[in-house]
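Below you'll find the structures, each written out as structure tokens.
After this come two complexes, each holding chain A, first together with chain B and then together with chain C.
And now, the complex of A and B:
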């Protein structure tokens, strides 16, 4: 590390090298921190292609750049981060005090302006410390004055790069939303930007499971979608959902999309075709969910998804109240033939789920608990259902269901019994 | 790392945690460098924990308070550290820390409250700062902060409540904005805000209680959402929410207490997210705060809505 005074050239040498790599390879799409021991291995594998990054003093390189991937040695991170923050804050101060005018004596190079210095150093610091909000804000300040779409799409590229190493960084996701808001205000909202954002979340979701920030971002995008795109999203994301059955965020996203479809039925201009299409989508999701809960035993996220699907099915797609808007919240559900048939099927599903084939296998026990919780949760929302359940199964069987819940959640049982 | 035998479990090593917190400032690691933008939050976590363990006197009040004031921006808001941008997150932490030291009187209350009130939007929601990100966390922060400063009348409370209620989901939980996934942290914020504004009647307590009690895993620890691993920080967010809606008896408190104690580093102090993991200040605070809510002996009582010791809240209530 640094010892004693040094010229400005020597100090910040690593930072300069870092910023130079970033500038010389604008197509870098992934950044990572690599332990020095892995570094020498990568050096060997890369052969001579990494030689330009090797220091002249014979020490091992601190940066690795191949195939548009950038690796940074972990042993320099602390110093690099401090240096980047230091220079960034200085540059920001300069920019705020003197605007973007260059002061003659201070020009280091013809091409550097206070603005470009802020952008350069903030980029470096954010790749190392993604939640340093002040750096993102500085970029927003400068971008607010930009009038070219390119400036904003390039910002999407940088924040994507930051996310490659810090997929949970809240400030980064927030910055992306600001960019999209700016794009939609100043230009228009090209549908493909929204589509690409959605795909980005899915790819990040692959590496970073149930990442709340990422999936929240995807839900946020839905407000920019027309119903056609919403339906497309539902179809496109189905395969991924089927491969990630424990990802509750992924299923919540589907619920978000489906709620948007439901909401669209209550705005002006909605016609019978829309209602039929929504009905079909809902039924398909219910059938698919049933297949999944039967095949993949004990998956909580699937059963929770069913709670939502069934309740909304009963409330909005059966001959119950046809004019009730979702915004009015839960209304009293009146039993009808259609609902009775639906509940019958759910009871069959419950009974088959309660068959434990192997008491040692935890998943079967979980399946029983989830199925029972599902049914009892529905009875909480629809008291008439409890009566129906007792009629169909008999009070003894219902007591058995309650005791199952009681095993795991005794206080919940107490509450259900006393209601 | 924790290596104690089961006979040593069930004991809060308070002195070790105090030492861990006092030493944490001095270490320079990548974590501390990368976290220095949220030093204000870190200070709140550390200092509140010390106060809960009745050791606030071990820090230099003057040093802390003068540093806090260097973080105040001309807009009235506070930044996470000197020279950084202000944000509502750090503004609340600053006010909370000053409350711990009974030094709220050094503030220009009008200035701070104007900054916070200025972040309310037309639909009742709150932005985190001038750049406009909306989140129910910021609603809670604004309401909590202004309540401590006794300036709640500076915002449109009715609209604020309306916005929070619009973030209620079918499962009874709340997310960051309407339609967002229910998350224990967001739920705490929404329930806390509704509690402070006397609006808890908007919560379906049984339904939400159900969602919250399903957070308890077989380990006794609580997770923040379905299918996730338990994490000590949820001991606070889930527990305080349950207390505020009178449903805390819906979880097994003894099992939870044991889980939190198992997350301690019995040798070096500090608490981690789950047993055997590395400790940090964040989880140390939430672990101790959780134990406080569970009425663990040797820990002062904490207010579930304000996240400050009850004696601090009482002091504020009886001032002015």
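And now, the complex of A and C:
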């Protein structure tokens, strides 16, 4: 820690350096905090000696910047963050009190208006502490006066940079949603911005597992999509989903997309082609899910996805003699021949899933559990299905399945028994 | 589906520190500044698991969002770092194949390997890492391989259950010569913030 008084130059030297690096390389796409010992290693890997980086004030070895990556030494983080926050709050005060007018216009240059100071220091503080709400809000305040699309797309760039180091920061994701709302209000909603957002979430989801906030953001984007884009998204994200079978978030996203398709069918002006297309999409998803379930044994996310697919298939895509629309909650599903055939196939799937091929791997036991839970969950929605199950498998077998579920998923059994 | 790393260790004589014989890893999906630490952790965790995998045993250890699979066949131990999506059967099928290929290429020369020897790059392992990212390739092996022998696979929900009673991962991290100061710092930081985005 520094002792004794120092001039403003010295005290904020690190911050100035940091802000200078950011300004001089606008293409930085990744920020990270690095241990001081990593500098030499990073230089070696980048393939050059450190000679020309010899600092004249002994502070250059705190930032590492090559190939548009910026590393900040961990030993200066706390001080840097304090300094950035301090100057930011000062600048914000100045901005709020005096608006954007310079106090000494003849001395200060255009590049240091109160507004630009707020933006500069808030950028620095947010890269170090992404959840600092005051800073994000200050930026919102200033941006709301902007009239160029570029200001907003540049803001997307900054928040993307913050996410490279803090991919789970809710304030950052929320700020992105604000930007998109502003863009769609002031300008139009360019489809490619939504597409890029979706791709960003996928790439962040790859690096940062169990990132609920990223996936929530992706689901939120769906409300800005037209049906054609929804279908494109469904197709584009299929491969990723097939490689991340334990990831329920990505299947939840697919369900959100499919719900949008379903919703659009009940909007005025929907024609037979739309219905046929939706029917095809649903059938393909069901078949693909079945392939995956048979290939990758014991994956709960796949079986949960099947619950959604099967139930909606029965309700909206088969002739079932009842008038259902999405607003109705618990509607009675009346059996029809088409449904009976579908159920028959599902029972076959259940039977084949219950065959344990070997006991060496836990997967097969998990598969039985998930298959049985799936089937019994469906009987909750379709009481007639229980009768069909008992016919096919025998009452004893069904009782045995119920007790098995009772051990592993007591809450499901509780619902079934009380029906 | 992702295989982050494949390693081969010499685990003989029993209860000596395993010697690393081969190592291939793909850390491109990690943040730029974390990559070297990830590689170090792979070696550290791999060595820790290998040293606690007795001969003829297979085990899988869940660590963070990874499954670390290990198979010790007569003192030669193959370790794979796979994600949750990669099927366990395919993983062991691949480890079997790695051991077969290793013995084909190096016979029994590995028995005299020492830690000080530099780890040579084994091109096959790098190829395998790429090829078997798709588990369908590993499943093809199952058909032509002799039956995986009857040993059950032991599953550990955390790495702590592999350690001996009284051993803590934290102290192993501190004592390990596989981990640089930087990696130890990352480990401590991740624990402090209690985030689930740790590097192994």
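By our rule, the second predicted complex is superposed on the first by the 383 of 419 C-alpha atoms of A that agree within 3 Å, B and C clash if a C-alpha of one lies under 4 Å from a C-alpha of the other, contacts with A are read in each partner's own complex, and residues count from 1 in each chain.
Going forward, a residue touches a chain if its C-beta (ideal position, glycine included) is under 8 Å from a C-beta of that chain, and two chains touch if they have at least 3 such contacts.
Computed from a predicted model, the values in this text were never measured in an experiment.
**Student:** Is this a clash or a fit when chain B and chain C both end up on chain A?
**Tutor:** Once both complexes are aligned on chain A, chain B and chain C fit side by side.
**Student:** Which of the two, chain B or chain C, is in touch with more residues of chain A?
**Tutor:** B
**Student:** Under the stated touch criterion, which partner chain does A:308 make contact with: chain B (first), chain C (second), both, or neither?
**Tutor:** first
**Student:** Looking at the overlay, what does A:30 touch: chain B (first), chain C (second), both, or neither?
**Tutor:** second
**Student:** Figure out whether A:247 sits in contact with chain B (first) or chain C (second), or with both, or with neither.
**Tutor:** After superposing on A, A:247 lies in contact with both chain B and chain C.
**Student:** Contact-wise, after the overlay, does A:363 reach chain B, chain C, both or neither (first, second, both, neither)?
**Tutor:** After superposing on A, A:363 lies in contact with chain C but is clear of chain B.
**Student:** On the A-aligned overlay, A:168 touches which partner chain: chain B = first, chain C = second, or both, or neither?
**Tutor:** So A:168 only meets chain C here.
**Student:** Report for A:69: first if it touches chain B alone, second if chain C alone, otherwise both or neither.
**Tutor:** second
**Student:** Quick one: classify A:210 as touching chain B (first), chain C (second), both or neither.
**Tutor:** both
**Student:** Which partner does A:41 reach: the first (chain B), the second (chain C), both, or neither?
**Tutor:** Only chain C is touched by A:41; chain B is not.
**Student:** Rounded to the nearest Å, state the minimum C-alpha distance from chain B to chain C in the superposed three-chain model.
**Tutor:** Shortest inter-chain C-alpha distance (chain B to chain C): 5 Å.
**Student:** Mind sorting out which residues of chain A both chain B and chain C touch, each in its own complex?
**Tutor:** Shared contact residues on chain A (touching chain B in one complex, chain C in the other): 74, 210, 246-247.
**Student:** Of all residues in chain A, which touch chain C in the complex?
**Tutor:** 30, 32-35, 37-38, 41-42, 45, 69, 71, 74, 164-165, 167-168, 206-211, 243-247, 296-297, 359-363
**Student:** Give every residue of chain C touching chain A within the complex, in rising order.
**Tutor:** Answer in residue numbers: 1-2, 29-34, 36, 65, 83-85, 87-89, 148, 150, 152-153, 155, 180-182, 185-186, 195-197.
**Student:** Of all residues in chain A, which touch chain B in the complex?
**Tutor:** Listed in rising order, the residues are 74, 77-78, 81-82, 85, 89, 128-129, 131-134, 137, 140, 174, 177-178, 181, 210, 212, 215-216, 219-220, 222, 246-249, 252, 256, 259, 300-301, 304, 307-308, 311-312, 373, 377, 380, 409-412, 415, 419.
**Student:** Across the complex, what residues on chain B touch chain A?
**Tutor:** Listed in rising order, the residues of chain B that touch chain A are 28-30, 33-34, 36-38, 79-80, 83-85, 87, 128-129, 131-133, 170-171, 175-177, 179-181, 183, 206-207, 209-210, 213-214, 216, 225-228, 249-252.
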